[in-house]
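Everything on this sheet refers to the single structure shown next.
To keep things simple, chains are lettered A, B, C and D as they appear, and every chain counts its residues starting from 1.
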């Protein structure tokens, strides 16, 4: 009897220790495509190496699909261990409601303030001086992707900036090529506009309009120029009848379209189609005019939980995500730029290197997610999707509406 | 002398009342409670989380000044009318065809019903392709030599809602057809014999005799179709995402986008309150007449 | 409560909203009596039966079965058996299953159930059908099985809700006889709802004629036939229906009924409560109380007219005769040799007639 | 003698000859009448319209990605490959877990069975009570329920999160089953109510005289009589619950995620390469369970609704 009790005690103890060592941590995110999943696997691998266990809760489809799930889980009182959000203000209210864990101690311990580059990334994780999230990567949307052959075959030089691209467009059209491919998804049109704004009006104007909500500027002549350009882009893209962004990219790859304004993730499509940067296609960050990078990207938040073991595991994960090795491994797979400047990315390709260079020069602007509430962003989205699809809507009208959105934005 | 009215009455139907507890709970707590909650929070400035920051009618003012919402309503009206009419019409006509004692009825019926089983996440994609002018039907017809042929409903803001209707009918009419077919099977054979002897043309028999006899089926079908119309969301997201531009937005999508993309719960609740209000104005009087009145016989 | 009554209904009222279906209805049914509730559709006869069965909750009043007040009692606790028009056999059970279902619910021991089912089956001669399902039975067999279901309950009271209406004429007549025999054999109380006057006349000890949720007359078939309480009852019983003359009872040398230029002497007419009255009235005479030919010659009242229509029935011949612009039905001998257009004399004895007040239509 | 025989033959033939003057025997041309051509012609054209998307999906699922990029969605595959099917079922990645749809299949079954059983059980009892045991207010609750059928699901997400949290069922299978039961209730209750209302009232009365109570009549009389309508309800619910994504993912945890989560993840990845052939294969695979049920119960389906909705 006594012996039995000892065995019991031993087993219990064993169980307890393993439990303490290996905590299951459920991580929700919307990275589900091949490259993304491979990148996440790097996190998981590193986290599992700490003796804990990564429980994967992947839900595809960022905003519309994954977000209500994440918010429901957190408000439902049964939160996951960690969850992905875009940088910026999406999770602000959850933080304010005290549902998110304060990571300041971990950040201080890891000296994040020094190592995170550009520092604005950490700012968008900060509320009232406390840090609530771990930025993990930088994705920049401001790129123009061009099919070299489409231009060369028609006796044109591959453009090096937006103006040259516009100038070359009529010839492409004559040859039956759609100059500019834009998918129908709303965010793609907004992306195109923001890129035009940054490139043609400059990063300062961008920051003033979206950051300071300068409505006068938004209604002024500088923006008028941008809206004119957007009207041209609309004209150039009127024959691209595709929905998804990658279908649009595919038009560029197959030479049915000359170019596309899209984020750095478009590179994946070119690589899969065995296209070589520089020879088959060209990438122009900031449309070749103002070479800047928007520091949008992804971050992880950690909901507050009662369980001590889970809390501990959350801390481990936060540290792992910020560690140099994981940053390199993750971002190489993801095709994005790391959040710390002190890591070695010798494996990066041409276009990625261009991005790194710009980043190193400090030509960065914050993403609109960081500057405006989701609500205001969505209003901007709605405006541009309407503008790009309704040829009867004049640039002046669009600008007027835009200025009014900016004036009431928060 | 004991009167028949008395304390015994409430437990007379006790089992039925106990059995109806889930229904009563659902009706009161979930539907009424949830609705009240939604209406209450539509007067707040709730963003990501529901919060009691009341702002009066501000959300409604914004709603009704939003061109996206106005287009959504217009689209729902167009889609609703056509979907209801065509679902009933096509469903009934197909059922009438299948009811002609034809061969291979099972095969035809299964073909017409199968879309109901498939998720719209991807069938929307298939339709998107088929209706795409560059590699869908238009492309095929043009490559056959008819160069001026034009069919691109999903890419023309003026008719995009009809493009969605095509796929909507494809998915939904099979079930309605089955309901109608079942109703037709319930009609007494003698009715047909009588009509034949009286020399009444077949279409007249259907319209003036058979359809009035299928009232119950039509009610079930209309409730099914109409509740589907109000909630139409997946179809639009899968096919157009609301585009081109905002030409194919619908109210359910407006609500969803407001709640989860814009993170503006108050706005989403205001929109859904308007939807509910419309439904209640239409459905409650009807349901009262249909179900609330005395039923004897 | 006195025990001679098997069923007592006191001040029964039933209303659906503002609509009164049964109005302050009183009825006593004697032990072993066969009572028929007769009326056209919508008169409340089935509703009354459903109230007795406990299938409808009453709005006011009481119902006693035996000595018990069963107003609030469950149907199964009232000691009744019931047979329905559409048989209401449970389609998924065999005949034996149908018969034993109620007994199983009552928790009777198995051997007793078996014994009762077999006994009922024997009485109704449905023993070979016990293992069949209702779908495999003919209409008559189904109704027998349905009666069997009531029978096994050993109830004091049997309720029949138009049990023969769904059967064809021949079967209906056969089963009618069987039900009568069954009543003689079992001698329990039976309440039988029908709209068929032949069923009512042949089966009933007493008939209750209902209209608008009220009982107009409750009496033996004979009484109802010969002395209908009012014009409605008089019209309802008898086929072809009673002939009516619209006129006035006048005094003078003996009472007379004046209609047009005729005046029928009313000697020998049995006034209600023996009280002779005068004034506007209906004069009703049944077709079978009219005579023709040589008998008409000797009748107290003779009218001449012309035959409009002849309906030979074999046993009888019905003729419609036009008299002074009025059509009268006359029942004649089956072999009567008459044709359309024949001139004819019809006669009758006013003592066989019924007089109804013009305003309240009750028998005088 | 010969004469007599001849006459007999003539007599036998005579009536036949008399009939020769008018139409005789079966009406000619029944199989290829204009009417039949119209009926079958219409049905075949309509069937083609219904089959077109399926054709595109099947063809696409059998092509390799390079062939799909060429862009003719209607052309049959040059080189048939089943790899997309294998991938969709067993290899496609959902985040870290690369075991395709097979991962969620068992979860879907685990969600499906109790949800279908409970929702049908409750809705059928509701319908039965509404048709045969009305009580004061029962029709009012039913009207509320019917209005509830029109509420967009999305609106109810947060209120239900709060309700489930308050009763402590949030995140559990039980909670999800209750949610499915609630949202299936309006239409199913309508269906059952109409069906039970069409069952002859006398049967119900006979059973009451026989001493069966509320549950006795339900289980022993009504349910055995109503198998077809239960099949109908089952088909509606199986389709709805099997294809549900939103509830499954909001009200449970990853270890309970249904197959549609994998389907969504395969199909809805926003960044990265879209493998259309795998998407199509995954969709067809996901649809197989409800489709199988349609095939098996097709006839009952029609018969069941017939019995249920004839009377309003």
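Just a few scattered comments:
One rule holds in what follows: a residue touches a chain if its C-beta (ideal position, glycine included) is under 8 Å from a C-beta of that chain, and two chains touch if they have at least 3 such contacts.
Computed from a predicted structure; not experimentally measured.
With steps allowed only between chains in touch, the distance from chain A over to chain C comes to 2.
Of all chains in the assembly, those touching chain A and also chain D are B.
Relative to the C-alpha centre of chain C, the farthest chain centre belongs to A. Chains B-D form the pair with the most C-beta pairs in contact. Averaging Cα coordinates per chain places chain B and chain D 16 Å apart. Chain B and chain C have Cα centroids lying 54 Å from one another.
If each chain is reduced to the centroid of its CA atoms, chain A and chain B end up 37 Å from each other. Contact with two or more other chains is made by no residue of chain C.
Within chain B, contacts with two or more other chains are made by residues 134, 256, 259-260. Shared contact sites, meaning residues of chain A that touch two or more other chains, fall at 68, 75.
Of all residues in chain D, those touching chain C in their complex are 200, 202-203, 205-213, 216, 220-221, 224-225. Residue ranges of chain D in contact with chain B, taken from their complex: 39-40, 42-43, 46-47, 49-54, 56-57, 60, 71-74, 122, 125-126, 128-130, 133-135, 138-156, 158-160, 162-163, 181-182, 185-187, 189-191, 194, 197-198, 213-215, 239, 243, 245, 260, 263-264, 267-268, 276, 279-280, 282-284, 286-287, 290-291, 294-295, 298-299, 301-312.
Those residues of chain B that touch chain D in the shared complex are 13, 15-17, 19-20, 22-24, 26-35, 37-38, 50, 94, 97-98, 100, 102, 106, 108-119, 121-123, 125-127, 129-130, 134-136, 140, 170, 174, 178-179, 181-183, 185-186, 214-217, 219-220, 223-224, 226-227, 230-231, 233, 251-252, 255-256, 259-260, 265, 268-269, 272, 275-276, 279-280, 283-284, 287-288, 290-292, 295. By the touch rule above, chain B contacts chain A in their complex via residues 47-49, 67-68, 128, 132-134, 152, 155, 157, 237, 240-247, 256-264, 267. Residues 26, 28-37, 40-41, 44, 54-62, 65, 68-69, 72-73, 75-78, 244, 246-247, 250, 254, 265, 268-269, 272-273 of chain A are the ones that touch chain D when the two sit in their complex.
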